[in-house]
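In what follows, chain A forms one complex with chain B and a second complex with chain C.
For the complex of A and B:
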């Protein structure tokens, strides 16, 4: 829910410029993607080039650290570099992990929703496909094969159901509390009222908001 | 009462501590499946009866129609309960895949059904194959790192190993400072514990 890279919003004060500047390093971008992924119930677009860049930078850093160690650089300096690598590694791992856990939880929903499916990376799609196969087989073997004919689907309660009413979906209309980082003006939240986004003001509203501010 | 047994099954799962599994209740599970079969027999016989009487399922709202509906709804409810039981257990099994290598400890394994054991294996493999595709180990680094080094106590004899920055003799009960990334694999295997404070 950071808004540092917002472009085109008028009134760019010195503070905003500063925020834009510090939030454009890849580490910050990764942190923001990680935070957004962690906070949102549905899976977001995979940041493939960011992940790629981060991994390259980590590798570069690791090489630097190794070089430092060989050159007998001050252990404190080395340890600081190492700590930085560890933190970035954690962000990266955690980011990938959260995504996989979401895929595990909502695999059937993601599979049948084309928009969500395209948000996955190639490897994630492979992971999802295999997970779906595994889970389907497990469900078939444990429950569905033992049920009467018209009740064997893992997506529908019975053949009478018109929609897939057995598929878990993320809850998108839950209320969240968020804080706007800068003045955004009035934003329509739902049909009836619009919320005032004042810098630092707290707001309790449904999740649609974080899409506009993230 | 219809659906009572299925309810007990789900209740049993929710009563267990979250993240923990109790033994797979084959007995109750089979009873619910029996319930389902009974429902479908009654449902079919009611539908046949209605057909013979020439009444249309859509328009006639007589006792038979609602009887059939009850059996259908009971079936659907039973199915949902069975699926909830198996699916929620499967989620716990999925989580095991993150922390445990391919071999399950005996005390967990005996609580799983045959299909669940298979599921654990195949899902762990899926997870492993994702990690090797990306060449990144996601099973370490579960908590945000504070310090690159942590204090650990060795719980099981491990012997001489080469770690990323040193080679260490990991004898039992030794207390050492290790790189967190090195120690984590041993901690997750239960061979080491982190000393805090």
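For the complex of A and C:
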């Protein structure tokens, strides 16, 4: 671990999708989406078809398990199937929860950025709209309505602010640790600007966990 | 859900890393007859007594807990291999030996539930503990080299080790970056009307530093 001796840049979220090459099943894809969503600061595109497929699979499996129980199948087999369902359910739930947490945190930012808004599923948009309304109402009733006129906005500090400076935004320009899929030679990182601004602003390498492919 | 990590803390919790590690495959020798399992995460089996087969660790542990199989520990979990790794780790102050990405979690899972399947389990266990200690010590001393001029560093760490140092390293680099870049501090912490006096302030401060 020598600082500065070996430098490298990696692709966005390289740490998370190192299994892409071998992942073919929906279980793997779901795991990958979960990991990506967890590691990225902003909300990513909702994986609607993957979520749909996973839900159907879980449902199908639950029916199978029920059938097994009715047919007096070996309890061990039943419990193994049940464990598999539980694992998939955990991933799916956790995936949806992380997204809701992000929406709650950045709702005003997501609302005013069209690109982010379209990444939400229909249900998530509904959720976002309602929490925006509620939060706004809460802020108005508890504090903002009692302030002088120029400080009444929930988006701006005061009327003279040019930007919406009270809106929390995800930090897209951060240092990350990533894992490379294959051995990367010495990739030069010449100055900090370029190191921090490759690939769409977020997830650029500043620190690299290098790993040769197994 | 109970297992989900705190969104403000480290990216993954230890339990979540263990969850991921449980998907790694391992070889088992079943002692029962069971048909092929078509699970969401893949098809495994059929299981025949004394015929070795590959399954994910969670499945292996579930069978093991019910006494339905023996687990064959992975190659790297032998006294011989681990002794080599430990020696190499001790010899080099900066490089890290190649171990499976999830070695901490996998060894832990097997020590918890499959002790009797690991030859020389006490020896193996203490070797892994030693390796872990040596590596964490190296990480600790390595992090002392972190400075404002660190743009990238190369490591060869496992999932658990990376997870432990991630918040500190990214946070530390971020702070160095901020401190090395006065504009950024101004922008993020000062309101527009306060911006003007700032440059005048910075002059004398800089002289003090010299």
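Note that in this section the second predicted complex is superposed on the first by the 161 of 214 C-alpha atoms of A that agree within 3 Å, B and C clash if a C-alpha of one lies under 4 Å from a C-alpha of the other, contacts with A are read in each partner's own complex, and residues count from 1 in each chain.
Operating definition for what follows: a residue touches a chain if its C-beta (ideal position, glycine included) is under 8 Å from a C-beta of that chain, and two chains touch if they have at least 3 such contacts.
The structure displayed is predicted, hence computed values, not measured ones.
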{"item": "Chain B versus chain C as contact partner of A:87, first or second or both or neither", "value": "both"}
{"item": "Chain B versus chain C as contact partner of A:97, first or second or both or neither", "value": "both"}
{"item": "Partner chain in contact with A:172 - chain B first, chain C second, else both or neither", "value": "neither"}
{"item": "Partner chain in contact with A:159 - chain B first, chain C second, else both or neither", "value": "neither"}
{"item": "Touched chain A residues, chain B compared with chain C", "value": "C"}
{"item": "Which of chain B and chain C A:79 touches, first, second, both or neither", "value": "both"}
{"item": "Partner chain(s) touched by A:57 [first = chain B, second = chain C, both, neither]", "value": "second"}
{"item": "Doubly contacted residues of chain A, that is, touched by chain B and again by chain C", "value": "79, 83, 87, 90, 93-94, 97, 105, 157"}
{"item": "Chain C residues touching chain A - in the complex, by the definition given at the top", "value": "1, 3-5, 7, 11-12, 19-20, 23, 32, 34-35, 37, 39-42, 58-59, 62-63, 66, 68, 94-96, 98, 101, 138-139, 142, 145-147, 149-157, 162, 166, 169-170, 173-174, 177, 191"}
{"item": "In the complex with chain A, residue positions of chain B that touch it", "value": "33, 36-37, 39-40, 72, 75-76, 79-80, 82-83, 86-87, 90-91, 94, 98, 113, 115-116, 118-119, 122-123, 126-127, 129-130, 133-134, 136-138, 140-141, 144-145, 147-148, 165, 180-181"}
{"item": "Residue numbers on chain A that touch chain C, as the complex places them", "value": "1-9, 25-28, 31, 38-39, 54, 57-58, 61, 74, 76-77, 79-81, 83-85, 87-88, 90, 93-94, 97-98, 101, 105, 157, 174-177, 179, 189, 192, 195, 205-212"}
{"item": "Touch list for chain A against partner chain B, complex", "value": "55, 69, 79, 82-83, 86-87, 89-90, 92-94, 96-97, 100, 104-105, 123-124, 126-127, 130-131, 134-135, 137-139, 141-143, 146-148, 151, 154, 157-158, 160, 166"}
